[in-house]
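Consider the two complexes below, in which chain A is the common component and chain B and chain C are the respective partners.
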Partner chain A sequence: MMIPNRKEYLKALANSGQKIMGVLPALYPRELLWAFDIHAAEIWDPPGEILHANAHLQTTICPIVKRSLEFILKEPDIINAGYLFPHTCDSLQNLGTQVKDLIGVSLPVYTFYNPKGSFNNTTTRYYRDILQNFQLSMEAVYGPLAPDKFLAACVLSHKIDSHLMAIQQARMTDHLSLNNAEYFKLMRAQEYLLPTDYLSLLEQVDILDQPGESPRARMMVSGILPPTPEILEFLDELGVSIVADDLLAGSRRIPKFPMDAPVSPLDYLTDRFFILPPCSTRGGDLDERLHHLSKHMNASQAQGILFDIVKFCEPELFDHRLLVKTLRGKNYPVLTLETELENHISGQDKTRIEAFTELLFEMVSP
Partner chain B sequence: MADLYFAGVDVGSLSTDVSIIDHSGKLLSETVIPTGVNGSEAAEVAFDSAIKLADLSREVITAITATGYGRASVAFATGKTTEISCHGVGAHQLFPKTGTVIDIGGQDSKVIQIDSHGRMLDFTMNDKCAAGTGRFLEVMANRLELDLDELSSPLNIEGESAPISSTCTVFAESEVISLLAKHTPREHIVHGLQRSIVNRIWSMVASIGIEGEVTLTGGVAHNRGLVVLLEEKLGLTLNIPENPQTVGALGGAHIARRAYQSSLELGPN
Partner chain C sequence: MSIRAEIKYKIMKDYGAPALMALQDFKRRKPRPIPEAFGPPLDSNKRLKEILSRHYFLSRYARGVNKVAWVTSGAPVELLRAFDFYTIYPENHSALVGAKKQGADYCSIAEGSGFSQDLCSYARIDLGHMLSGKTPAGKLPKPDLLFCSNNICQTVLYWYKAIAHELNIPLIHFDAPFVTTEQTEADINYMAQQLQDMIPILERVSGRVFYLDVFENILKRSMETSRTWGAILDAMKAQPAPMTIFDAFGHLAPIVSLRGLPVAQDYYHILMEEVDTRVTQGIGAISDERYRLIWDNIAIWYKVRFLATFFAERKMNFVTATYTNAWAETTGYLNVKDPWNSMAKTYGQIILNNNLKHRLELMKKMIKTYSVDGMVMHSTRSCKPYSVGQFDLRKAITTDLDLPAVILDADIADERVWSEQQIHTRLEAFCETLEGSKHG
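Showing the complex of A and B:
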C-alpha cells in the first residue's frame, strides 16, 4: 500500500490547478468544500523550525497553533483558496482572527464555529445555521452550490466513514496486518488526499479473515495527534500494538455507529456531527467520555492507555486529570507523555514508554 | 542451580553500578564508578571490577540485565530492563514490605509503586528538568563551592530557610547567586536547596500516592539532611539501603535470575 508524500502530493495538485483550502484542526464540513470542488488540506503539525510565529504568539500557546501559523506566514504556494479555522479551541479561534485582521495574509480567511455541547434542539439548530452560513460565504465567492454535487460529496464521505469503521474494528481484533506506524500513516492520509484517492487507498486495505498474531501487549492511545512516528516505531520494536485510539486526528472523527446513506446533505451532516465520539474540543459530558474510553478499552482488550498530550493543549488538559484519576481507580494502567511535536524521543520518554510496556507485559505474563 | 551467578549493570548518568548475586539471591559483590563520557566502557570496567571482587570470572555469569539510561550500550548484557522496574525489584529484595520506592538518581527522580512481589504497579517520573535530582545538587554544590558531603548535613537553622525554586535548576541557580549576593548564610541556602528537592519529590509522591513502606534509593539517599526533611514532609520513616546507589543494579541481577528461572520452567523450544 503506497501512500503518497503529503508535500509532493499537494504540490502536484496545486500545479494541476486544483483549488486547495488550508484547514486547521479539526471538525469542519469537508463535504461542503468538496461540493465546491475545493480540496481541504488539513494543517495539523507542519514540520520545521518555529521562528516567525513566536513573534505573534505567547509562549504558552500550543505547538499545533504555532506550527500552523509558521506554515501560514510562509504563504506556501500549495494553498490557493484560503484558510478555514474551525472553533476547536480558543487558541485556534483567536489565530483565525489574528491571521485575518492583524497579520493580513493575502488569501481569504474563513471561520466555522462548531457548537460546544451535546445533541439537543439548540445545538442542532445552531449547527444547521452555521452550515448554511458557511455555504453562503462559499457561494459568495464560488457561485451557487449544486445540490447534486453536495449530495455526491456526502455519499463519498459516508463511504469513507464505512471503510474507516471497518478498519478500526479490524484493528481492535487483530484482523489488520499493519504495524503502528503504518496504521496511523493510513489514518492521517485523509488529512491531505483527495477523497476519491483516499477511498481508493482504504479499499486496498487488507482485512484478514482470521486474527493475525497477537501483540505482546495492547494499548489504547488518547490525545489530539497520534504519537510521533519515532514513538510508534519504538512501540512496534517493543511488540506493543495500539489497538484503539481516542484521538482527535483519529477515531474522534469517525461516527460512533453506522449511518444510513445520505438523502438530505444538511440533515446528514448535522446527524453526523452529533454522533461523533465525545471530544474535549466539543465540550460535553466527561462521564460520556469515560464511558467511551472504557468501552473501547474493553472491546480492544487494551491493557493500558497512553495519553499523549500536546503541551499547553487546554481542552485536553482540562479533562485529563479527572480521566486519569478515574481510569486508575478502575485499575487501568495509565501513562501520560507531553509532546511538543518534536521529531525525536527523549531518553526520559523512552524510559517512560519502556517501563510502561514492562508493566503491561507483567500483566499478560502467566 | 548451584554455581550460577547473575549480574545487574546500571549505567546511570552519573555513576555505573554493578551487583552480582548467586543462585540463591545472595549478594556477592557491588561496584560503583563514575560513568564519565563513555557508558559502554564504564559498564565494562565496573563489571570486571565486580567480578574480581566476587572472585569469579566473566564466563560463569549466567545472565546479565542492563539497566539505567545507558542500558542499550551494554553489549555483554543478556537482557535489558528499565531502571524503574529494577529499582522496584531491588527495593523489594532489601525491604520486602516496600510498597513505594522513591528513587532520586543523577538526572531522573521517580516514584514507583510495587506489589508484594516487587512488581511495578504504577510510576511517575520527573519532567524535562534536573530539578529534584542528583544533578541539581551537583550544580548547586559547585555554585556554593561546597562538596556534596557538606551539602548533605542535617541542618538546624534559626529562622526560615532561603526560598528556592523547585521547578527549574537554571532558575534555582540564579536564585542561589542572588542569595549569595545578599549575604544569606550558606546553611540557610543549603537548607533551602534540600527543601526544594523535597518539595519536588513530594509533588510526585502526591500524584501517585503512598502504599506500604517507603524505600529511598539512588545516590541522593546519602544526603542525610534531605532524608530528614523528606521524612518530616511525608510523616514517616524511610527505609534507607546501605548502598542506595546500587539498588537498581541489584534489582537488575534479580530480574536476570528470575528470567533464567522462567526459561527453565518453560523448557527448551
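Showing the complex of A and C:
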C-alpha cells in the first residue's frame, strides 16, 4: 500500500489546477468543500522550525497554532483557495481573526463555528443554519451549489466513514496487518488526499479473515494527534500495538455508529456532527467521554492508555485529570506524555515509555 | 426553603452584616498613608468594601433560603435573578485571592490534585478552593447550579464541566458563537432560543416560577446600572481624570457580580455623583497627571498597588481599559421590549467574543476619545482570547497612531509568573519612550 508524500501530492494537485483550501483543526463540513470542487488540505502540525510565528504569538501558545501560523506566513503555493478556521478552541478562534484582520494574507479566510456544550433541538437547528450560511459564503465566491454534487460528496464521505469504521474495528480485534506507524500514516492520509484517492487507498486495506498474531501488549491512545512517527516506531520495536484511539485527528472525527446512506445532504451532515464521539473541544460531557473511553478500552482489550497531550492544549488538559483519575481507579495503567510536536523522542520519554510497556507486559504474562 | 435558614439569614442580614461592617471600620481606624503621587482617595471605596464584604458574608447563610449559583462574568445573569439565585462569581473570587497574593497557594492545591500548571489561574484558584474549602472570604456556599457562557472564553466551559462533575450538580451553558464579522440572524435566534430553553430547568432547580414582568424589571435595572457604569468610565475623559483604571478594577466588582440587583444600581449612582463632583472641582486621581495611558487585558491582581504607584510617581495615569469597558460596551443593545434577542446581541458581542478588527477599532477609538499618550498591554498566560493577537494589535496601534506601547508578560492571579526585573526594565524603557515622544 503506497501512500503518497503529503507535500509532493499537494504540489502536484496545485500544479494541475486543483483548488485547494488550507483547513485548520478540526471539524468542518468537508463535503460542502468537495461539492464546490475544493480540496481540503488539513493543517495540523507542519514540520520545520518556528521562526516567523514567534513574532505574532506568545510562548505559551500551543504548537499546533504556532506551526499552522508559520505555515500560513510562508504563503505556500499549494494553498490557492484560502484558509478555513473551524472553531475549535480559544487559540484557533483568535488565530483566525488575527490572520484575517491583523496579519492579512493574500487568500480569503473563512470560519466555521462548531456549537459547544450539551446538544438539543436548538443546537441541531442552529448547526443546520451554520451549514447553510457556510454554503452561501462559498456560493458567493464559486457560484451556485449543484445539489447532485453535494449529495455525491456526502455519499463519498459516507463510504469513507464506513471503511474507517471497519478498519478501526479490525484494528481492535487484530484483523489488520499494519504496524502502528503504518496504521496512523493511513489514518492521517485523509488530511491531504483527495477523497476519491483516499477511498481507493482504504479499499486496498487488507482486513484479515482470522485474527493475526497478537501483539505483546495492547494500548489505547488519547489526545489531539497520534504520537509522532518516532514514538510509533519505538512502540513497534517494543511489540506494543495501539489498538484503539481517542484522537481529535483520529476517531473523534468518525461517527460513533454507522449511518444510513445520505438522502438529504444537510440532514446527513447535521446528523453526522451530533453522533461524533465526545470531544473536549466541543465541550462534551465528561461522563460520556469516560464511558466512551472505557467502552473502547474493553472492546479493544487494551491494557493501558497513553495520553499524548499537546503542550498548552486547554481543552485536553482540563479533561485529562478526571480521565486519568477514573481510569487509574479501574486499574488501567496510564502514561501521559507532553508533546511540542517535535520530530524526535527525548531520552526521558523513551525511558518512560519503556517502563510503561514493561508494566503492560507484566499484565499480559504476570 | 427552610424557615430556620430564612430566620438565620434575616438575623445575619439585619444584625450580623452590620456588626461585621462595624468591625471592619474599627480595624480601618488607621488607614494606610497615601503616597504623595496620588490625589485624595475616593470616598466610595468604603461603600464598595461594605457591599462586597456583605455579599460574601451573607452567602454563607444563603443556602436554604435561595439556591446558590456559581456564574461566569459574561453570563446573562439577569435570567438567574428572576429566580432569586444567590450568585457567586468564581472569577471575582479568584481575583480576590490573587489580589491578596495567595494565588500560588490555591493554584498549587489544584496542581497537586492533577490539574496542569498551564491552565488558567482563575480556574486553578477556584478548583483549589473547591478541593480545599480555603477562601479569604471566610466561607463560600457550595453551588446548586453552575451557569457559564463561553462568550468570554471556552475555558470556562471546561472549568465548569470539571466542577459539575466533581460536585455532581447541573451545569447550564449559554453557547455564544464567536463573532467573526458580524452576528448573523441564525446566531441571534440560537442564543435567544437557548435562553428560553433554560427557563424550565431554572424553574426546576430553583423551585420558583418564571414571571416575565419580574424578569423585565431586572433587565431594566441591569441596563440602567451598566449605563451608569459606562458614564463613570466616560467621566475619565476629564483632565485630570477623577479615577485611575486601578480604582476602576476594584469598582468593577458590583457590575460583574451584582448586576441586576438594586445594590449595584444604587452603588453606581453614589460613585457617579462622587466622580462628577471631582471632575467639577478638578480633583485628579493622581496629584499631577501629565501622561494618560490605556490598559489592555485583565488586571495583574497581585501587582495592582505596585503598578498604580509606579505610574503615578511618573505622573502617568491609566484613564481607560478595554477590560473595564467590557461591562458597558454592548449595553446599548438591551431592550426590555425584546428581551431575548437583545440579550443575544448584548452578550454575544462583548469584546472577547468579537473579532480583532473590532477590538482594534475600539482601542483606537478609546485612545482618541480619552486623549491617551501610551498603551500598556498585559499579555497573560491565563487568558488566550485576550492575549492571542496582542502582538499584532500593538503593531497596528503603534504604526497607525504613532503611540508608544509596551507588553508585560505576566499572569492575572498566579504571582509565580511575575518577573520583577524583566517587568521593571520594560516599564522604565516604556516610560522613557513616552516622555520622549510627548516632549521630544
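Operating definition for what follows: the second predicted complex is superposed on the first by the 363 of 366 C-alpha atoms of A that agree within 3 Å, B and C clash if a C-alpha of one lies under 4 Å from a C-alpha of the other, contacts with A are read in each partner's own complex, and residues count from 1 in each chain.
Just so it is clear, a contact is a pair of C-beta atoms (placed from the backbone, for glycine too) under 8 Å apart; a residue touches a chain by one contact, two chains touch by 3 or more.
The shown structure was predicted, so the numbers you read here are calculated from the model rather than taken from an experiment.
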item	value
Side-by-side fit of chain B and chain C on chain A, or clash	fit
Partner chain(s) touched by A:214 [first = chain B, second = chain C, both, neither]	neither
First, second, both or neither for A:200, with chain B first and chain C second	neither
Dominant contact partner of chain A by residue count, chain C or chain B	C
Partner chain(s) touched by A:362 [first = chain B, second = chain C, both, neither]	first
Which of chain B and chain C A:286 touches, first, second, both or neither	second
Touching partner for A:115 - first (chain B), second (chain C), both, neither	second
Chain B, chain C and vertex chain A (Cα centres) - angle in steps of 10°	80
Minimum Cα separation, chain C to chain B, after superposition on A (Å)	6
Contact residues common to both interfaces of chain A (with chain B and with chain C)	none
Residues on chain B engaged by chain A in the complex (per definition of touch)	69, 81-85, 108, 119-123, 125, 127-128
Chain A - residues contacting chain B, complex	328, 333, 338, 346-348, 351-352, 354-355, 358-359, 362
Partner chain A, residues of chain C touching it in the complex	113-116, 118-120, 123, 150, 153-155, 157-159, 161-162, 165, 173, 175, 177-178, 180, 184, 186, 189-190, 193-194, 197, 355-357, 360, 379, 381, 384-385, 387-393, 395-396, 409
Chain A residues touching chain C - in the complex, by the definition given at the top	55-58, 60-61, 65, 87, 89-91, 93-98, 100-103, 111, 113, 115-118, 120, 122-123, 125-126, 129-130, 133, 280, 283, 285-287, 311-312, 314-315, 317-322, 324-325
